[in-house]
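Next come the structures, one after another.
Here come two complexes built around chain A, the first alongside chain B, the second alongside chain C.
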Partner chain A sequence: MRARWFSITVAVVMAVVFIAPTIVVVGSSFSDSSFISFPPEGFSLRWYDDVFGDPQWMRAFGNSVAVGLLAAALAIVVGTLLAMGAARSRILPSAAVTGLAVIPIVVPSVVLGVGFYIVAVNLGFTGSVVGLALAHAALGAPYVFVGVLAALTSVDRSTEEAARVSGATQLGAFLRVTVPAIAPAALVGGLLAFITSWDEVIVAGFMTSPSFRTLPVLIFAQVRTGADPSTSAVATVVTVFSLLLMLVVGGVSALLARRRRLAATKARADDTATSAPEKGSR
Partner chain B sequence: MTTPPAPRRRFGVDFATVLASPAVLFGVAVFLVPVIVILVRSLTDPSPATYADAVTSDIFLRSIWTTFRMAVCVTAVCLLVSYPYAWALARGPKAVRIVLLGAVLLSFWTSTLVRTYAWQILLNNTGVINSFLIDSGLISDPLPLIRTDFAVYVGMAHILAPFTILTLYTQLTSIKPEVEQAAASLGASPTSVFWRITLPLSLPGAAAGGVLVFILSLGFYITPEVLGNSRELYLGSVIVQQIQVLLNSGTGAAMSIVLLVMVVAVLLLVGRFVGLGRILGIRRGDR
Partner chain C sequence: MTALQHDVADLTTAGAAVSIRGVSKYYGSFAAVDDVSLEIEPGSFVTLLGASGSGKTTLLRILAGFLDASSGAIELDGRDLTRVPVHKREIGMVFQNYALFPHMTVQKNVEFPLARRRVPRADRPRLIAEALEAVELTGFERRMPTELSGGQQQRVALARAIVAKPRLLLMDEPLGALDRRLREALQVQIRQLSHELGLTVINVTHDQEEALTMSDRIALLAGGRLVQYGTPYELYARPGSEVAARFLGESNIFSGVPRQRAGLWEIDVAGESVRLPDSSTDPVPGEQASVFIRPHRMHVAPAGSAPAGEDRCTVTGRVAAAIYAGDSCKLHVELEQGDPVVVRADSELLQTVATGDRVEVSWRRTDALLLARS
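Now for the complex of A and B:
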């Protein structure tokens, strides 16, 4: 019993340590003084006014959104198709496709950044939305791949077979049966890909230029040379945005888990029933 | 049950392969080519002797040692704090579990950059901790907290602990309570239930989380750069410096390959015991 309360006490203290840094950043952004202080001295929104009125921050904001959206879209398509290859292809070896798909999460960001940088310098597309979005698509695609692979390998294939028997083409069956089944997983992966791009500094540091910078790159530059409360304000905006997206991810994932549980219960019930109705036949 | 229709093979290639092929090409071009380009650059800019120069250079060897020591310590700290946390998360009262889960997720979802910045605010000479101590009269000169290994270790452990906590928590919830109850009903004390049942059964989760934290630590850049001492560089900083400041892309590429080999070696070694899929979070359904 003592061990139990010891454990819980340690955990609660740790929980405070976990959230304290985030609270310090958010709190210091509302300070009225011109240097970073916590607890904040007075209360003002002047640093938010500063940030939203500063074209440099607003440009970086626009760049981050553009790169994130393009990277997430690419990651969804590439990750989903790679998962199809790993789960279903009779020609491509599954282990090789999986290995290819996880390269970006195995290789450290610094190393990937160096690689992208050398390639981009040779091809002349450093400092462009497309160049950084391609690199960030690589970082995000594994999330989509892992999620969609799990969905694909647990989906009931007899529904697709039923669609084929009823006269659907392979493409038709894929688009109308498989895609709806894996869409939530792909969407969750895509959101994670967006957040990854939204928060990413290292690869972005290699791929941006003084005239094209994203929010994290600009924040990092300030943190290195000397932050002021406006840095806290931007960091707060970025964090709130990520947290809101993560809540969406959490909600959709919970829904998916519930659906999987229901499907598993239903499959067990079908297996035990003596005359299982044929699924998908109308 | 219907029998599956024979797949139409117009070109002798199945549909999934047709769909996946463009993605495989994209993957090769965008995931694999950058790594190959680094390898080529490391061998040809100017010659394979780049490796000898890079690997025997004083700054590189020191950074490897600094980084390796940090990765070991950070992994150890993460595992140490994760056990009570994950245990309380899995077995504590419901209210406690909600608070603990919320705290670890809030931290996990705040970006590495923002959390590093937060530690800078906390540990600076004029930062939150030092101003508090000076204002309360406990010290007269600020404690040297920032730009030390201590600052790097604290920041890194704070950023990476959620990985070990969450993998350990998943593992703990997969242990059937009946197993622990059986041991207790046969007369084991709670302490011996933990040491002889819970701990051994949780080891795969601890190993998966630990190796993830270890390999992430090896390649970390932002946190050591902001919180660390500029005279004691970590591997990530040395590589970035070679590429961006000294413009020695050959040397930087060779160092990148050494880092990559270290990461892959650790991953394969531990992967043999706990499974690569578990470390990387790859899950397959059972159909």
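Now for the complex of A and C:
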């Protein structure tokens, strides 16, 4: 019993530590005072009004969405291709491809940021949606890679062969059989890539310019120059947006798992029926 | 599952004649398939039988077009298939793990080959219904593959394989993933279906029982080579070599140098002279010969009570193990010399014979067979 109370206490403390900063930020965004304060003094939506009326914040919001969408799309393509390579290439060992694909997760963001920056400067890519989206695609690709690789290993190679025997060309078999099978995993990976890009500040710090900033970069800049509760309001919007996306990811995964479970139950029931010896034809 | 009594007339086709001529497949210097030639008659059910690594699956994949043969040729009704890509061979294939398209309903799975072969849309529902009826899955059209049991999935795969009326059906260990009861039911079902449709079927298995019950002819493969090609009866009762005798069923094989006495050939088994069976080919004097007897053809009796007769051979030994298996029992009998023999008998025998007993093992001379050396 003592052990149980101990683990509950630890869990509660951890939860408070994790959630408290978010509560402080969200709470202070509704404050009526001109300083970030917690508990909030009074209640008002003026900071939200400020933010939504401020072209600087709105531009940053638009930049973040554009970069995130492009990064997610690129991550889906690159991550899927890498997963195909790891699962099926006969030239490169699959461990080598896997190692390559997860490098962006392993290498510190600061190092990646410097690297992307140097390349981007030489190519004239800094301070643009495309430049940052390319960098963020590299950060997001591993999520797609891991998911699609798992999906590919569960899709047996022989399903593609079955399609070819049935009269589909090699490309046709891939498009009609393999792509639909890995699409959910690729999309979930793409959502995660979007979320990664959405709140990424280190690499974005290198790749942005005063005229092109994403939300996290702008928040960071505001905090350093003396923040007012409008920063809290933006942070709250960013958090809610991320949470909603995570809910979508979780909901889709749960839905798929539930469908699989239901299907399995149904199949088990049928199996009992078919192996009953006296059962005639349907 | 009951016997098929449906009208499958619309799906019937004349099976194709398949000719495999000197096909080899090399990986480096290793021959996975080594100069195999087979002539398969239209409408017959042929099983490629062998242990893993025998080359049976490689040969099937060459037939399907997934692999290119290093040398040799494959003809379907006299048409060379070597340069024909997989999707234009117009064959049906069933895979061990079903290989259904997981995101498509049963209906869509079965429709797939029709759509790829540009069968007019108006004709498809009828063909799909017939194929599903043939495998007794009418009413399952809207199910997803994950909503089906293993046996049902394999029957959908079978329906998909026959729906476009292929003239050749390839099966790669189609029943390997199913439990025994389901396997036996499907063996009967597939066999009847292939007969009714008139398909030529080439089936791959390592299960000798499946091969014996389903096939018109069996091609036994070992180490990439064709060991024997014949009817199940021929392979079981008249194996042409020691490899064949050992692979199909249990067998007792005695080896020795035959010698001639009074016009009859003998070899020594367990210190006793045993007369060789009469056979069309006389053994070569001075060269090793093998004699083979099926365990259920041997008779075990307590010492001194074996049936005697001119036509019988008898050796003595001690029961090393007596294994009860329901209706039958299996005895391992150690002879005074040489390998122990295995005897299969009615389990009643265990009432009179137990482990450790001295026994006489006898058999009719005509039940033994002289094997070619291989």
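The criterion applied here is as follows: the second predicted complex is superposed on the first by the 254 of 282 C-alpha atoms of A that agree within 3 Å, B and C clash if a C-alpha of one lies under 4 Å from a C-alpha of the other, contacts with A are read in each partner's own complex, and residues count from 1 in each chain.
What we mean here is this: a contact is a pair of C-beta atoms (placed from the backbone, for glycine too) under 8 Å apart; a residue touches a chain by one contact, two chains touch by 3 or more.
A quick note: this is a predicted structure, and the numbers were derived from the prediction, not measured.
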item: Contacts of A:A95 with chain B and chain C, given as first, second, both or neither; value: neither
item: Partner chain in contact with A:F18 - chain B first, chain C second, else both or neither; value: first
item: Touched partner set for A:D156, first chain B, second chain C, both or neither; value: both
item: Which superposed partner A:L82 touches (first chain B, second chain C, both, neither); value: first
item: Dominant contact partner of chain A by residue count, chain C or chain B; value: B
item: First, second, both or neither for A:L123, with chain B first and chain C second; value: neither
item: Touched partner set for A:V165, first chain B, second chain C, both or neither; value: both
item: Partner chain in contact with A:S109 - chain B first, chain C second, else both or neither; value: first
item: Chain B and chain C contact sites that coincide on chain A, given as residue numbers; value: 155-156, 158, 161-162, 164-165, 281
item: Of all residues in chain A, those that touch chain B in their complex; value: 1, 3-4, 6-8, 10-12, 14-22, 24-25, 28, 35-38, 77-82, 84-92, 97-98, 100-119, 134-135, 137-138, 141, 146, 149-158, 161-162, 164-165, 170-171, 174, 199, 201-202, 205-206, 216, 219-220, 223-224, 227, 231-232, 235, 238-239, 242-243, 246, 250, 278, 281
item: Contact set on chain B toward chain A in their complex; value: 1-2, 4-5, 7-8, 13-17, 19-24, 26-28, 30-35, 37-38, 41, 81, 84-85, 87-89, 91-93, 96, 99-100, 103-107, 109-122, 126, 128, 131, 158, 161-162, 190-191, 194, 215-216, 218-219, 221-222, 225-226, 235-236, 239-240, 243-244, 249, 252-253, 256-257, 259-260, 263-264, 267, 280-287
item: Chain A partner contacts - residues on chain C that touch it in the complex; value: 1-2, 64, 66, 85-93, 95-97, 99-103, 112-113, 116-117, 136-139, 144, 146-152, 157, 160-161, 164, 170, 179, 181-182
item: Complex contacts: residues of chain A adjacent to chain C; value: 155-156, 158-159, 161-169, 172, 176-177, 180-181, 260, 263-264, 266-268, 270-271, 274-275, 277, 279-282
